[in-house]
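Each chain gets a letter, A, B, C and D, in the order it is written, and its residues are counted from 1.
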Amino acid sequence: MRFFSDNAAPVHPRILDAIAAANGQDTAYDGDALSKRLDGRLSELFEREVRVFWVPTGTAANCLALTAMCPPHGGVVCHRDSHIQNDEGGAPEFFTHGAKLMLAEGDGAKLTPATIADTVDAIANDVHRVQPHAISITNATEYGRVYRPDEVAAIGELARARGLGLHMDGARFANAVVATGATPAELTWRAGVDALSFGFVKNGGMNAEALVFFRPELAAATPQRRKRGAMLLSKGRFLAAQILAHLEGDLWLDCARGANAGAALLAEAAAGRLVHPVEANEVFLRVAPAEAASLREQGFDFYDWGPGEARLVVSWDQGADAIRPLADAIRTL
Amino acid sequence: MRFFSDNAAPVHPRILDAIAAANGQDTAYDGDALSKRLDGRLSELFEREVRVFWVPTGTAANCLALTAMCPPHGGVVCHRDSHIQNDEGGAPEFFTHGAKLMLAEGDGAKLTPATIADTVDAIANDVHRVQPHAISITNATEYGRVYRPDEVAAIGELARARGLGLHMDGARFANAVVATGATPAELTWRAGVDALSFGFVKNGGMNAEALVFFRPELAAATPQRRKRGAMLLSKGRFLAAQILAHLEGDLWLDCARGANAGAALLAEAAAGRLVHPVEANEVFLRVAPAEAASLREQGFDFYDWGPGEARLVVSWDQGADAIRPLADAIRTL
Amino acid sequence: MRFFSDNAAPVHPRILDAIAAANGQDTAYDGDALSKRLDGRLSELFEREVRVFWVPTGTAANCLALTAMCPPHGGVVCHRDSHIQNDEGGAPEFFTHGAKLMLAEGDGAKLTPATIADTVDAIANDVHRVQPHAISITNATEYGRVYRPDEVAAIGELARARGLGLHMDGARFANAVVATGATPAELTWRAGVDALSFGFVKNGGMNAEALVFFRPELAAATPQRRKRGAMLLSKGRFLAAQILAHLEGDLWLDCARGANAGAALLAEAAAGRLVHPVEANEVFLRVAPAEAASLREQGFDFYDWGPGEARLVVSWDQGADAIRPLADAIRTL
Amino acid sequence: MRFFSDNAAPVHPRILDAIAAANGQDTAYDGDALSKRLDGRLSELFEREVRVFWVPTGTAANCLALTAMCPPHGGVVCHRDSHIQNDEGGAPEFFTHGAKLMLAEGDGAKLTPATIADTVDAIANDVHRVQPHAISITNATEYGRVYRPDEVAAIGELARARGLGLHMDGARFANAVVATGATPAELTWRAGVDALSFGFVKNGGMNAEALVFFRPELAAATPQRRKRGAMLLSKGRFLAAQILAHLEGDLWLDCARGANAGAALLAEAAAGRLVHPVEANEVFLRVAPAEAASLREQGFDFYDWGPGEARLVVSWDQGADAIRPLADAIRTL
C-alpha cells in the first residue's frame, strides 16, 4: 500500500514483453530498427514532424532540451518549486555549463505570463546580467496541477514575443493529457512548446524517456550532447522498445487514466484537506502528525511534504481495490 | 553472422529473467533492496570492501571514475587509441569540466611504465602546464590485448610513486579475467587500481555497468556526480538486478569464456594475417579489399579498421557453430 | 559632477607613480619581487599568515574564492541582491563549473544568521538537492550598508557550525573598515571569514584586486585556477605594485575615508529621502522623476535605481568642494 | 642582460604616458571614449570592419576566440607545441567548456595544410568522435618561425573547404608582420583568418591585448563571455589607452623591428648552432651544458629548452648595445 512515488511502482507487463521481444541482434547505439522508428511514430502522435531521442532519465531529457535552448551564459525561467531547480542535483547547470535558473512564482507550481514577466522584467538588459533564453514549465506540475492548452499557449505567446525557447517537462505528461482531454499536439507545439520531455518511467515504464523536439533545428547538436553526456546507451533498442510499446494501443493513456482516477477517489475522500486541487495523480493533504502516524500504522506509505502536509502519489497499477482502503482510512481520520 | 560489435549481441536470457523478477514495488533510485546488495556482492567478489555504483553506460562509469581522480585543471594519461580519447564524444572532458587527456604510446593500445613516463616527464611542473593526476588503462584494450596482473602492478607502482590515481576501463574486464586466469582482485586493487569500470553490457548485459571504487574515500562525491550527470535512474533496481544476475554462478565468466574461445578459433584460422595477438574476444586481420568483400558476400558482417584491416568481435552468444563458418571462410581466402 | 559609479573615478596619482616605478625588468607572471612581497605585506596588515593573489577584477577575486570553497555540485548562499548573483554575468557559475547560488533575504542586502538558516533549512539533505557549501557576504553591501565585526562573527559561527565556507566580497572593504572602525582582522578572519576579495579599483586603483585566503590550505589549487582562468598576467608586477602602493601609508583608508565622508554629507542633505541608512560611500534616495531630471539638468550624473529611486556613489577624489553643490541641489529639490 | 622572456621586459614609456593621460573620469567597463575608438582604429589598420575587445592576457584573447568558433563538444586543431596546448594551464578547455585540442605536427611549430589534414582525416565523422570545428595557428610560432601570407592562405583555404574556423594566436604578431613585410590585412583576414589574438604585452605593453574578429557575427556573444570570464575590467579605458598608444605612429612595428633585429644579430653569431631558422625575436641554440653555464657566468639569463638547447628571446628594448656582448660571448664559446 505504497503511495510514496510513481517511481516505486512496477513496470507494466507489456513493457517487459516488449523488452524481451527486442532481444535479438541489431546495430548498436541508436542505429537499430526500433530506434529508427521513433521519429516516425512520435511524428504521427504529435501530428507533425518531430525529432526524438531516447534517454535513460527525465533529468537527461530536461537537460538536453535546455542545453539546446540556452547558452552557458544564459538563463532559464522556471518555477521556484520546479523539478529542474530542486530535484535534479544541479544537472541543468551541469549540462548547460552553468546557465542560471531564474526563479518565478505561481500557484500550484504553475507559471503564468504575469509571473514570468515579473521575473524577466527585473533583469536589466546589459552585459552584467545573465539574460533569459528559455522558459521551462512542468505539466503536470510538482503539485499535481495541469496546464490546459490555452494556458500553455499564453506562455508560448510570451516566449515568442520575447525570443525565448519554451520547454515542457512532461515527466507526467500522460497525466496532463488525460486530465485536460487535449491532444498531445494541442498541449505542446500548437501552444508554442519547442521541446518536450515526454515521460514514461513514472507511468509504468522501466528506463526510457523520450526527448521530443518540435523544431528539428533545435536538435542539431543533440546527438553529440547525448553522447557526450554518457547517455548514448549501446543497446538503445531496449529503450526504443519501451517507448514504442507504451504508445501501442494507447497504453500510456490507459496507465495515466488509471492513476488519475485513483487520485480523484482519494481527493473525494480528502475533501476539505486538500492543499491543491487534484487534477492528475498526486494528492497533497493537510494531516496532523497523529493522523499521518495513524495512516502509516494502517500500512499506507507516503511522503511528508513540509509540516502538517502529506503527498500521496497514485501509480498506474493501483486500481480501485488498492485505493479504496486508503480513501476509507482518510475519511475516518 | 555478425562480428561487428559485442554491443550488437542479444542480452543473455538470465539477465532478462532477472529483470522480470525484479518487477515488484520498491524504493526509487538506489534505495531498493537490489541496489543495496551491490556493495556487499562486489566486495565479496573483489575480496575487499568496495563501493559500487550502477550506471547505464561504460562511458558514464569511466567519466565518474576520472572525475573522482582528476580536478578540472588536471590531466589523465591514457593511450592515444583509448576509448576515452576516441570513442566517447568528449565525455571525459565534459564530466571532468575540461581536464586534459594526455596521450601516451604503447603496442596494442597498452601503456607501459616507460610510455607513461615519457608522457609525464615531458610536462614541466609549473602552473602553465596541466599536471597529470591520473592514469587510465583499458583491460582488455581496444585491440583485444590484455594486461596481466604484473603489468598492471608495474603501472600501479608508477602511479603511486608519482601520486597519480589509476583507473581501469574494464568494458571487457571479464574477457581480461578469463584471458589472464587472474582473480578480479589480482587484476585490480592488488595491482594498484583505484577504480574499475566493470562492464557487463558487451558481455550479455542490457544497460547496467558497475563503477567500482577500491578506495571508498574516492567515491565521496560520486553519488552527487551521478545524480548531477542525469544518471541516477529512478528505477535503479532493474540495473542492480542485471549486475547481480551476471555475477550469479559466474555467468559473467562463462559469457566471456565463450567469446574468447570463439576469437581463439578465428585467430587460429587467421594465423599469418593477425595485426595483434588475439588474447580476448577481438580479432584484427589483414584483409585485401577483395577478401573483405568476399567475406561480406558470404554474409559475415564486420568493421573495416583502416585500410586493409578488419575487426572481428566475437560475442558471448557465438558458439563454435557460429564461429566455424567464418573460420573456414578466412582459411579459404 | 559624476556620482554614477566609483569605477568611473580616476586612479590615485600615487598608484600611477607606483606603476611607473615598477617599470624595470623582472621575472614574468608572479615571480617578480613585488608580487613576492604581497603575502608578507598582507599578513602584516591582517595580523596572521595569509595567501594573496592579485587579479584584474573583483569578479575574478570572488570567483576564485568561491571555487576554492564550493565544488561544481554544491551551492553558495548569497543575498538575492548581491553582486555575484546580479552583476557578474554568471561568472560564479562559470568558474565553479555550475554551482548554484542560493538566494537569501535581508535588509539592505545584508544576510543574517536567521535569513541564511531560512534558505539552508529549506534544502533537504539528499542527493537530489544541491547542498550548500559556502556563504558569501558583501561588505559594504550593494546598498552601502556595512556588517560590523559582531554581525560577521554571528554568520561565521553559523558557517562553522554547518561546515560552510565564508567568503566576503570586499569590493568596498575599505569603506567598511572605515565605517566600522574595526581592524581588517576583526572584520574578517577573527569573525570567521575564510577568504576576502579585497577591492582596490573602486577606491582609486587601476586594475588590481587582491584575493586573500585566511586559511592557506584553501588556496592550494588557486594558482592553477588563476592561470586556467586566463588571469595570470604576464607582467604581474604592475598589479602587485598597485596593491602595495595602496597599502603604503594607509592610502586605501584615506581614500575610503574621503568617499564615506562625502556620502555622509549627501545623506545629511537628503534626510527624509533615504532608502537605506548611509554607512559607506553609497546613497540611495527617493526622488520623483521630475526631481531626478532637475538634478541631471544641473549636471549631476547618477544611476536610476528602480522607479523613484536614485543611487549616488561618492568616489575617493570627491572632496567637500565636489559634494557640496550636489548636497545643496538635493536640499532645494 | 636578460634573454629569458619578452614578458620580463619593461613597458615602453609611451605606453606608460598613455596610461597617465587616460587618467580622468569616464564611463566604466568599455563604455569610455578610448574603448569606443578601438573598433574604428583597428578597422583602419586592418582595412576592413572588425570587432575588437581588449583583454588583460593573451590567453584570454585566445580562449575567447576559440569559444566563438568551437562548441563544447567540438575540437580545435593546433600544433602539439602550441601555447594553447602547453602553456595556458588548460584555459582553452576551461573557456570552451571542454572542447578537445587536436594535436598536429609541423616543423618549427608551424602547421601546414598537409599536417592539418593528417590530423583531421583520422577522425571518423560519427557521434563517437569529437569533430574539429576550428584551427588555431601561432604567428610567430613558439619557435620563432613565421607564416607568410601565402602559407596562412593555404591553411585558410583548407579551413573554408572543411567548414572550420581559423584563429591566429598573434602574441608575437608584430614580429611576424615585421618579418614578413606583409600588411596586417594580408597576414590575417585576406588569408582566411577569422579571429586574431593581437599581442602587445610581449612587445612593450603592460596588460592589454586585443582580440580582433574579422567576421563580426562571430563576436555576437563575446561581450557576455568576456564578462562571464571575469575579464571585463571596470576601468577598461586604461587597457584601450595602451592599445591605441601602441598603434600610434607604428610604435608596435618599431618595437618588433628592434627585437627582430637583435635576434638576427644573435643568429648571425650563432650560425651553426641554430635549432630553428631565426625569423622573429626568438633564437634556439644548441649549447653544451658547460657552454650554457659559461654564458650564465657572464651574466646572460635565458631559458633551457630541453637537453642541450637554450632559448634566447630578444625584447623591444634590447638594442645593439645589449645584444652585442651576448653575440660576442656566443661566438667565443
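By our rule, a contact is a pair of C-beta atoms (placed from the backbone, for glycine too) under 8 Å apart; a residue touches a chain by one contact, two chains touch by 3 or more.
Quick caveat: nothing in here was measured; it's all calculated off a predicted structure.
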item	value
Between A-C and A-B, the pair joined by more C-beta contacts	A-B
Chain at maximum distance from chain A, centres defined as averaged CA atoms	D
Centre-of-Cα separation between chain B and chain A, whole angstrom	34
Interchain centroid distance [CA atoms averaged], chain A/chain C, Å	42
Junction residues of chain B, two or more chains touched	29, 72-73, 88-90, 94, 97, 127-128, 224, 227-228, 232
Chain D to chain A touching residues, read off their complex	29, 71-73, 97, 127-128, 131, 221, 223-225, 227-228, 232
Complex contacts: residues of chain A adjacent to chain B	2, 4-5, 7-11, 16, 19-20, 23-29, 55-60, 63, 88-91, 94-95, 201-202, 206-207, 224, 227-235, 238-239
Chain D-touching residues of chain B, taken from the complex the two chains share	72-73, 75, 86-90, 93-94, 96-101, 103, 127-130
